[in-house]
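Take a look at the structures below.
Both of the next two complexes hold chain A, though its partner changes from chain B to chain C.
Let's turn to the complex of A and B:
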């Protein structure tokens, strides 16, 4: 289900995948999986990732948003970004 | 008494006195002192049956867990040395460490069976370790108390307790062995200094291949306290660490500052947070002053202490209590004063001791020094010097002693850096990068970015003619030979490396490519 005015999750996920692969120099195999289980992204990357998402999507990531499951994959991040941008959030 | 200063003998009274108390907590799993002692006896019996003898080396391929703590105890009980291997590191990185310890045993967590086999197969038959499966060691180990007691009594304070491998500038990790005596002396002083009591819940954040875990584990067990293992995933995101610290009600937190800095940067600490927290101790690198001030303001009930020390000097050799918030314009806090029994001096290039107020190289002497690099007399002779006033370790760290007798860290004169507490030789990274297929040339530098990362590793490379290599491809290939924390975080593909007037690679020019962010 899409909120009016927001792009679909898959489109946002694609944009996030492009952003992350460019910023962290990752190959497609690394982008598609679970960042945490596969240890693709470490604690320093996460700090950078939060800033990157805030700048790119104009959102503010607050302490309560910093839950691992929000950042486990491109799709999870897309869903999180979308929820943050939704006028109802 | 022959066993005075031996770890197992030193901890034995705790296992009797606190038998029913919780020794280690890992999520929902808890183990009492009595059961931990039994578990380690069983593992020790299996190791003994597998041929581990006094003075042997047992590599541990396992994540931090109750069983890992029991395995460490089992090895030290036998008077053997444990060699913790990071299961997150590529096999190619670990295999020279195992080869260096040969002949040796490899005790592995059953889930890492595949990795253990792969690791053994990378080595020639003569260097292959004897494999011991931890599940089988636990189930099959039938401790014969009399036989174990004999082994424990053979162990002395001069036996090696562990060997830790650190980054080496020639691309080969250096083994740093540490004797039991150094561990027990350090833990004894530290526990007394910080007033560790049996009621304490001590967070164990550092991985086992990081020597911070040495005090966490042995300090906790000496005091009869509870070791609370911090899950790896909790360390990834600042809020997860805050949630862990709140829910686990830990009384002591000891880690590299980067985790605490990340928490400050994302403002996840509430005023008066973590009411149970009595002590925050950090080491491995500098805690930036703004973030330290944030912590002291938010958690005023805790005591803050900076500690410093290379692996070669057993965990730490200095301490500095931060009793009041440092001024906002202070650049750093001192590394402080020598722990009793340790000696510090600042020397010039000729090794002459410098007066207070002069920057020079920091040398460490006294109790706690490693006997030298494992099976490497040349590196040992270069780094450990013997003078009329005893034996000294040349840290390579620049330092200055102030008028009050406190020492301050002033950087490095060489290409060793600290990144999130990890000690990394940039030439170790460059060596691995240069060895990749398709790489014609490369240069690895570090830039100071402050905040969470401290120093950031950056790499420029030139691909072989006719080869197109993206930074992502090179980084992924490098990840097959180096652990994640050693991978450069910024990359440039160049047609040629810049050359200076002397015909050498222009490192300042390369550094400048990465400092424009």
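Let's turn to the complex of A and C:
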């Protein structure tokens, strides 16, 4: 479902991919798939990822948000960000 | 990412591994060869509840590239049972193996081993930055929780400790005295006078305190109340490798007293004489009157915000069920815990 005023998930996913690629010095191939299963991002670096998302998208990440399906891929993160930014969230 | 050059195997510790551990753990323990060896012996051989069976090592051929340990901790639970629930500690991954699965693989191995041995839960009090990754993989938090902090304009040097007290407490009139070598029996005797908790709490008897105070990489400061220390004590901690000039706080890990006046006098004296730039006190298990007393003494209350990134410096407890019985313990209820004496860096 599209919320008015929010960009499409695909566009947000692209923005997230660019952010992660730049911040963690990863090539696009590395963040194409399930980067939790593939351990692309180090365990100690998730806090940096969360800071990056909070700063870039103006969201707050809370303990109840920490479920694997929210962070498996750029597309999943984009859907999560979109849900957090939705006026109904 | 997994690649041929980053293959590794995970094995249980054996005595032959000790030299490699002492060298490798300089990354974390920083006690030098002798200090690290003593620390390992203290934590995994002298612990009254558990031996070294849950020390796991990751090897890349013959090079040690990761370690995780779980040391023994014994808890009373609400029905009066005593349960050994181990705590993770001493987790290190070689810098060139960051971004590999080695940390989470070691954790999974440890949990599997605990399940096999019938241990129901694994606890983690660390403030390690891997907390969010662990929560993503099913670890559950019961925190974070608030602390009271006292910040000085300049650090107080450890050398000022001797002779700072004795004196009489302003509220209680009791004698307060600093003690360089705390007597575990005296501390346990004070604990025995305090009301028994009906929550999940770590045992604070003489055996536990004797072991805890023998940590070779820690320095403890104690203030007693009463002519023979029988009315209360305050116990504070720093690691020996942290300079008092540095940012690491001094942590009050326990403060017990027969009444609020003695408790407040102990804290008042501690804020005056404990070393370091900052003194921290967990407030989650204090009564409201003692929280208020801490604030009245000038401590700042740092509360959780709910945001993971903003609360990273606050204490927390993560836990994971292994699947072994008993499964009826109310561990995920944050109000079920009484975490006095289980505090900060002193617990690792």
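By definition in this document, the second predicted complex is superposed on the first by the 89 of 89 C-alpha atoms of A that agree within 3 Å, B and C clash if a C-alpha of one lies under 4 Å from a C-alpha of the other, contacts with A are read in each partner's own complex, and residues count from 1 in each chain.
Here is the rule we use: a contact is a pair of C-beta atoms (placed from the backbone, for glycine too) under 8 Å apart; a residue touches a chain by one contact, two chains touch by 3 or more.
Since this is a predicted model, take the numbers as computed values, not measurements.
Chemist: For A:71, select first, second, both or neither according to whether it touches chain B, chain C, the two together, or no partner.
Modeler: After superposing on A, A:71 lies in contact with both chain B and chain C.
Chemist: Once the shared chain is lined up, is A:54 touching chain B (first), chain C (second), both, or neither of them?
Modeler: second
Chemist: One more residue to check, A:27. First (chain B), second (chain C), both or neither?
Modeler: It touches chain B, and chain C stays clear.
Chemist: So, does A:43 touch the first partner chain B, the second partner chain C, both, or neither?
Modeler: Both partners, chain B and chain C.
Chemist: So chain A touches chain B in one structure and chain C in the other; where do those two contact lists coincide?
Modeler: Residues 30, 36, 39, 41-44, 46-47, 50, 61, 63, 65-68, 71, which sit in both footprints.
Chemist: So in the complex, which bits of chain B are touching chain A?
Modeler: 88, 233, 235-240, 242, 258-259, 262, 265-268, 420, 451-453, 470-473, 475-476, 484-485, 489, 491
Chemist: Provide the residue numbers of chain A that touch chain B in the complex, in ascending order.
Modeler: Chain A residues touching chain B: 21, 25-27, 29-30, 36, 39, 41-44, 46-47, 50, 61, 63-68, 71.
Chemist: Name, in rising order, each residue of chain C that touches chain A in their complex.
Modeler: 1-2, 98-101, 103-104, 128-137, 141, 306-309, 312
Chemist: Looking at the complex, which residues from chain A come into contact with chain C?
Modeler: Where chain A meets chain C, its residues are 30, 36, 38-47, 50-51, 54, 60-63, 65-68, 71.
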